[in-house]
Structure formats: C-alpha cells, structure tokens
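Presented sequentially are two complexes of chain A, the first with chain B as partner and the second with chain C.
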Partner chain A sequence: MRPYRAMARLAWRNALAYRVPFLMSLSMLVFNLAAMFALWQALLSDGNSLAGFTWPQMKAYLLVSFVTNCLVSTFTDFAMASRIRSGAVAVDLVKPVDYQKGRFAEALGFALLETTAALVVCTVVLVAFGGVPWPSPGQLALFAASLLAVVPLKFLIVYMCGLLCFWTQNYLGISLARTAISGILSGATVPLVFFPPWLRHVAEVLPFQAITNTPAMLFLGRSPGLSAVSALAVQILWVVGLWWLARRLWHVAVRRLTVHGG
Partner chain B sequence: MAPLIEATGLVKEFRRPRRDSGLTGALKHLVTRRFDIHRAVDGIDLRVGEGESVAYAGPNGAGKSTTVKLLTGILVPTAGEVRVAGVVPHRDRIANAKNVGVVFGQRTQLWWDLPVGDTFELLRDMYRIPAADYRRSLGRLTEVLEIGPLLPVLARKLSLGQRMRADLAAALLHQPHILYLDEPTIGLDLDVKDRVRTFLRQLVADGTTILLTTHDIGDIEEVCGRIVVIDEGRIRHDGPVEVLRDALASASSVRFQLSASAPLDLIRERLGDAEVTAPGERELVVRFDRTTRTAGAVAATVMGLVEVRDLRINDEGIADLIRRIHRPDEVTARSGAA
Partner chain C sequence: MHTLRVYRRNLGAHLRATLEYQADFWILVVAAVLTQGAGLVLIATIFARVPRIHGWGVWEVVLIFAMMVLAQGTSELLAEGTWGLAGLINRGELDRMLLRPYPCLLQVCASRVGMNAFGNVTVGGGLLVTALLHLDVAWTPARIGLALVLLPSALVIKVSLTVVANSTSFWLRGAINTFAAGMDQLGELTKYPLSIYGVGLQAVLATALPFAFIGFFPVSVFLDHGRLAWIGLLTPAVAVYCVLLAVTVFRRGLRRYESAGN
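Here is the complex of A and B:
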C-alpha cells in the first residue's frame, strides 16, 4: 500500500500545481449545470412533472450528475495519454509499482480535489436555488456507497481509453468520443427514463449507466428495496469485470510500445 | 559465476507505417495500410558480469537505446531472451525495478511541477526504503552530487546540469546493483560532464555494475572498462577499453593535400604494412604503427612520389577507431592493403 498511498498524495499536490486548468475545466461543468438548471426549471417550475420528475427531484438529479461528471475527469486521461505519446511512459515502466494500480492511486489523489470542488459548488447551488428532497438514512448510505464505486468505474473507462493511445498516438478524438458516449449513455445529459425504449435497453446493459443513473436513482429512492441493492451489485460487478479487462488490454498495449530517441 | 546481465539472440522489430508524401499519399494510407519492418536490434548476445562498467557505443539509430529499453524491460523483445539478476525484466517489471536504476539523459523522472525533494520522497515510498537507509543514501548522494540546495526547487526550474545530477540521485536512492545510463552527459558542459564522470567512476569502484550508452569518448575512456560497439543492430566490437587504448598509443596518421592525384599502388608498395587510403581525389591518408616507422619517413616517401601542398600529423583517438569499426568499407580497404 505504501507506494500507492504516496502516489495518491503526490498526485493531489501536483493537482494543486495545476489549479488554473482545473478551475477552467470545473467552470465548464458549472456552466453546463447552469444551462441544465435553466432548461429544466422552465419545463418544471410551475408544478408540472415529466416522467415522474418534479422540479425538486430534477434539481437533485442534476446535482448528482454534476458530481459524477466532476469525478475522475480532469487529469487522469490527458496526463496518461500525453505520457504515452511522448514516451515518458518509459520512466513509469521502470518503477516498482503496478502500472494500473499506480494510475488508479493518482486518480484517487485527484478525486479528492474534485470531490471538494464539487461539494462547494453543490452547496452554493443549494443555497441559491433552494432544497432538494432529502433521502432516508438507508437510501443515503446506498447512495454514498454507489458514489464511491463511481470512482473506480469511471477511472477504468478513462484508463482503457487512455491505453488506446498505444495504437492511435492521438488522444483528443478518443477523449471527445468517450465524453459524448458516456454523457448520453450514463444519463448525465438526460435521465434514462426519457430515452426511447430501445436506447434505454442498450444503456441498461452497458457500464456507463452505473456512473450517473445508478447513484441518482439511489439518491431519489427510485430503486426501492432489493432493486437498490442489486443496482449497487451491478455497479460493483462492472468495476471487477472492467478491472480485469483493463489488465488484459494493458498487456496487449504495452507490447506495442515504441519509444524513439532518448 | 553467472553473469548479472544476460541477453541471448535479442531481436526487436518495429513496424513503421509507410506513407507516400502529399495528400494522395495520406489518403492512400487510410485505405491500404502498408508497413515496413525495421529491425532496430538484430540478434544481440551480451553478457555483463557483476561490477563491470560497459560502454555501449555506436552511431545514431544503431540500436543502443533500444537495447537499453529491452534490458530494462520497457520494451518487449520480438525474439530472444533477457535475464537481469535472474529476472526476466519485461515479465516481472516490479522485481526488476528494485534491482536496477535507470537514467535517461533526454528524459527526466522528476515530477516536473513539484520540488525535487518531493520526488525523492515519493521514490522512497515507491521502493519501500527504510527510513534509516533513506537518510544515509540521500545524505551521501546530496553530498557527492552537491544537490542539497536543489531539494526545495521545482524540477522545471533546474538547469540541465542540475537536472541531470538530481536525476542521477533519483535513480540511485534505492541503491540498485545495476545502473543503466542512456546518454548521461548529452548536452552538459565540460565542468558538469567531469563531475558526472567522477561520480560514476566512484560508483563503479563501490561495486555498482554500469552500462551506459554514449557518443562521448570521454564517457568511455574515463568511466568504462569495456566497450561494446554496435551498428545496425549488431555488435561489431566487444573488448576492454584498454586494448583499444593500447592500439591507439601506437597508431598515428599523416594526412596529405596533393597537387595531383596520387599514384596509390606505388605508394602502397613503398610503405608496405601502412594503411593508405584516398578520401578525396587529391587527398591521401596514411595510417601507420608509430613503433615501426616515423611520420618523417612516411612524409619523405610520399613527397618523393608526388607533389605535396600540405600535410597534417594526427594521433588517433578512440573516436577515429570507433568510426573505423563503424565503417566496414574502410576496414575492408585496410585488409585489402595488408
């Protein structure tokens, strides 16, 4: 554990060195949140409900989605991609740490900063726009657990996309595609209940929905009793499965490494 | 005793996309991808014993860096085997990392935006170095590399020489048995080069096994006991640096500028075992053994046969010798003359 704890700590300190780009990307997410708030407020504020969403519930949904958008988004992928492309990854490969665990430790260090920033924004929004329906202690515990599971889940998706740099040597396209696909299929853009049935079925069998849909539904208490536990179990199964898959991908990817000069 | 570093039949091939120039070339590449196989390392056998200091020399693109990356486990070989201290580096990276230190002259392992000391503390935890060992190791390294004042400085603010010394310390904190250095003195000024070399000599004296790639003759002569010359992915020469130096002690050459083209056959006949080459039409180089003939005698012989406009007498350095090893055509010319 000691090496990974140290890596997480240093990643956190390094993130502070990059506070300006961090705040810029955070502000992008905040603007996005503001736009969604304006849109849904116009649709729901006069007491309407759509697909079972009232305005306070939608506020809660948007905030959960904002938090899951913040997690593991700003540093991990571009940092890793640029190290692979520049060949600096060579230095990582002669360190006595497992590559995947090492990157995860760094993502956790960054996540600490991201969580702090997200909580500040949420507090400000709650003060400005009024309250949201607060879940029961049981729901809250399930929600917290699922939010914790979002970190490794999102990390693994980002990590595997980063590994694709061993093939493409260009990351921007991959990152944009990942953001778009994940944004839609996770439910971060629009809740899954608004999807046409076929797209909803597609989304439900993919891991992305566990990023935003699962924690949001748990917070709102929309998955009662056993189905809440099974939603959490699905999330954890995805983490285990993707962890294994990412390892296989790494072993294939590292064989393709070419580092020229120096 | 089994060698510490053992490579057998090592091969590394890269696939290079082949693309014609221009827009049509780019479009064609999208549809039909063609690749050239490039063999950067072509069947290398290398054994390095404990405590040896080996220079790995050769021209750009010869496969020096690729070999180091295969030995450190960064690259996976296309064929052949590597064993370093009993470990296959690319299969067991973590075990291998604990045995070796690596310094890349053109790449840093310091965290760019953090103070140097922070990177050192990270390395302490990464290698699980006990507190007492770390203090001793850091104390020794800061003293001999004079990096004490650099510890609180951000890595990106360091000059190249400072960065190099900090990188050396970073690679040695965990006291590895083996140190690989890929062009460790590239871009450094003479003073810093000298300090780095003195430090490396000291490491060798303390029993660390060193393998360094370099273009710099000084690195070879001052640090290494053995030199391996590689070209086009193959080993061309492998032997003690001393033998090379002894060969140099007796090697000398005279370079002539002539007024007319030289009667090569006649000169060769008169000079017997000396090596006579004509790099240009009105140029002549005679390499000879200083113990059997003098520069004066060589000059007199040539001047008796052709009008000489200018001449220069050189002692040969290791650089010239390596260059000749690199250029098989000149070597053939010599054996043809002998």
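Here is the complex of A and C:
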C-alpha cells in the first residue's frame, strides 16, 4: 500500500506545481458549463419543463455533469500516453509496483484536486444562479457513493484508451474520440431521457451512462427505492468488470512494446 | 506572390508528411466527426422538443454551427502551427525561423497541419450546404455577393484570433499555451444564438474577442434575422481589424523573444 500512497501524494503535488495548466483546463469545462447554463436557461426559465426537467432540476443536472466531467479529466491520460510513446514506460515496468494500480493511485491524487476545484465552482454557481432541489439524506448518501465510483470507472475507461498507444502514436485522436463518445453516451451532453428510444437503449447497456447519468439521477431522486440501489450496483459491477478487462488488455498490450536503447 | 507560394509549398510539405501516417489520419478524421456529432446531437435533441430558441429555428442554428466548424477546420489547416508557438519559444527554436528571409509569422503558421482539419472542413462544409438547402434562401445576386464577402471574412477572423491567442505565448512562456486553449473554448460559446447569454458576455464576444463574427453575426445578416442583423455587415471590417491585431500582437511578442541561451 505504501508505494501507492506515495504515488498518489506525488500526483497531487505535481498537479499543484502545474497549477496554471490545471486551472486552464478547468476553465474550459467552466466555459462549457456557462454555455449549457445559458442554453437551458433560455429554454426553461419561464417555467417550462422539457422531458420532465424544470429549470432548477436542470441546473442540478448540469452541475452534477460538470463535476463528473472534472473528475479524472486532465492529467492521467496524456501523461500515460506520452510515457508509452517515448518509451519511458520501460522505467515503470521495472518498478516493483503494479502498473494499473500505480496509475490509479496517481488518478486518485489528481482527483482530490479536481474534486476540490469542482466544488468551488459549484458553490459559486449556486450562489450566482440560485438553488437546486436538494435530495433527502438517504438519496444524498447514494449520490455520494456513486460519485466515488465514478473515479475508478472513468479512470478505467481513460486507462484503456491510454493503452491503445501501444498500437498507435496518435493519442490526441483517441482522446478526442473518447471524449465525444463518452460525452454523448454518458448523458453529459444531454440527459439520456432526451434521446430517441433506440439511442437510449444503446446508452443504457454501455458503461458510459454510469459516469454522469447514474449520479445525476440519484441526485435528482429520479430512481426511487430499489432501483437506486440497483443503479449503484450496476455502476460497481462495471468498475469490477472493466478493472479485469483493463488487466487483460495490459497483458496483450505490453507484449507489443519495443523500446529502442536508452 | 512569392510569399504566398512559399507558404503554400511549406504547408504542402507538412500535408504530405502528415498523410504518410494513414492510421493516424483516419483516427483524427473519425475523432473530428464524432466531436462535431456530439454538438449536433445536442442541437437535434433540443429541437426535437422545442421549435425555436430565442427565435432561432433548427437549420438556422445548424448554419451558425456549420460556420464555426468550417472556420475551425480552416484555422487547423492554415494556422495549426501557432499551437506549437509556445514550444518553439520555450525551446528557443524560433531562432532558426528568424534567420530565414521569410515572414516569421507565416513560418510558424505553416509549421504544422492539423489533421482534424480534413474532418472539420468536410463536416462544416457539408452542414453548411445542408442547412442552406433546408433554409430556402432566395439567391438574389446581392445575397450571393453578401455570402461571398461574409464567408471568407468569417474564416479570416477565426484564423486571426487563433494567432492572437497563441501569440500570448511570448508573454506567458510555458511550454504549452493553455491560455490559448481556454480562449478557443470561450469562442465555442458562439455556436449558439448570442442572445442566450448575459449582456456582459455578449459584449465580450462581440467586441473584445469578436468570436461572434465567425458564425452568429454573419448568419444573422445573411438570413436577415432579428433587429441587430445589420451588425453582421461589419464582418469584413472586423476581419481586417483581426488581421491587423494578429500581426501587431505577434510583432510585439517577437520583440520580447530572447531565445533559450544555448
């Protein structure tokens, strides 16, 4: 456990040292949030509701989606990709720590900073734009649990995309494609209830919806009682399943590694 | 004339080099299509439920969106190199360019070709044509003339603003200019009708950072949409202003450049 704790701490310090890139990438998410706020406010502010969303509910949805967008967003993937491309990953291989757990520890270190920043932004938005409907304490606990599960889930998706660098040099394209696909299918772009039925069914059987849709629905109390617990269970099952899948992928990927001298 | 030919040949060389990596090329084309697709999903799902946003119908919004995507593709084709400016300054590699008898700014612009460019130009162009076909525009000679002035002006504005954003690297001095990325993201706000934003933000996007002249204002005047449509007639003037601004900021920055010392 100790080496992983040290890696997490190092990642956190690293992020603090490179504050400016971190804050800038956060500002990009904030601008996106501003655009979505303006757009939905224009549609909903005069008391309308769309697909069962009123303006206060949509505000809550957008904020949850913002937080899940912030988590595991900036550092993990590009850092890993560049180490694989440059061959520096060879150094990681000789270290007596598990590669996947090591990267996860780093992601956790970053996530701490990302959560803090996201909460600050949310507080400012709540003060500026007025309140959102708060869930009951029980719902809130479920929401918090599902937000915690988002960190490993999103990490695993990002991690597996990063491993694709063993096959291609072009991580930018993979990262952009992942962001776009995950943006649509997680519900971060539009709540899934807005989709036509076929697209919603596709989204529901994939892991992406557990990134934004699950926590947001729990926060809004849209999945009552037992279905809330089962949504959380599905999320955790995805984490376990993808953790195993990522391990398999790593074993295949690492055999392709060629490092030239050094 | 000679200057333009060198610029074209310079870009051409990078283009050929880029096309050598075919898998990378297709990954980025797919990534561009998916990224813009996510934006379209948002527009489509919203307009499936409401007929208009602040008086703007679906194809009118798609037309604004198409202009933005086309402009993005153009800037990736003609000025992608500016995204590497921060690195060139940081490593002192601008020295080499300063020694050549050719404008430094153009060398920087042509030092890279954005591979997303192909995807974005295709998607943007396709959407532009589709939206115009759906909008039932009366193609009088005056309107054709207007379009022929507005389109290039809008593209020039985007390219110039990209140069301005990245020229800040001369002052910021990091290896990567995240400020430019943030500014670019702020520009993304103008993909939607400007009136959904607060007055302050509207003023910024129309004057200080005139991103609204890439899509919103040209489309407004072209479709004669709303009271303030006439502002769109200023697009060519804004284009001239943006070019002058880009050249001035770049020159000022270049004066601060002091190499890396080795």
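Methods note: the second predicted complex is superposed on the first by the 262 of 262 C-alpha atoms of A that agree within 3 Å, B and C clash if a C-alpha of one lies under 4 Å from a C-alpha of the other, contacts with A are read in each partner's own complex, and residues count from 1 in each chain.
Throughout what follows, contacts are C-beta pairs under 8 Å (C-beta built on N, C-alpha and C of every residue); 3 or more make two chains touch, one makes a residue touch a chain.
Computed from a predicted model, the values in this text were never measured in an experiment.
In the superposition on chain A, A:P21 makes contact with chain C only, while chain B stays out of contact range.
Applying the stated contact rule after C-alpha superposition, one finds that A:P137 touches neither chain B nor chain C.
In the superposition on chain A, contact of A:L172 is made with chain C only, not with chain B. In the superposition on chain A, A:N32 contacts chain C only, with no contact to chain B.
In the superposition on chain A, contact of A:V91 is made with chain B only, not with chain C. By the touch criterion defined above, A:G47 reaches neither chain B nor chain C.
Touch criterion not met for A:P224: it reaches neither chain B nor chain C.
Within the superposed three-chain model, A:P197 lies out of touch with both chain B and chain C [touch as defined at top]. In the superposed three-chain model, the partner touching more residues of chain A is C, compared with the other of chain B and chain C.
No residue of chain A contacts both chain B in one complex and chain C in the other. Within the complex formed with chain A, the residues of chain B that make contact are 14, 65, 69, 72-76, 93-98, 100, 102, 104-109, 111, 113-114, 118, 121-122, 124-128, 182-183. Of all residues in chain C, only 21, 23-24, 27-28, 30-32, 34-35, 37-38, 41-42, 45-46, 48-50, 53-54, 115-116, 174, 176, 178-179, 181-182, 185-186, 188-189, 191-192, 195-198, 201 touch chain A in the complex they form. Touching chain B in their complex are the following residues of chain A: 2-3, 5-7, 10, 13-14, 17-18, 87-88, 90-91, 93-98, 254-255, 257-259, 261-262.
Within the complex, the chain A residues that touch chain C are 20-21, 24-25, 27-28, 31-32, 34-35, 38-39, 41-43, 50-51, 168-170, 172-174, 176-177, 179-181, 183-184, 189-190, 194-196.
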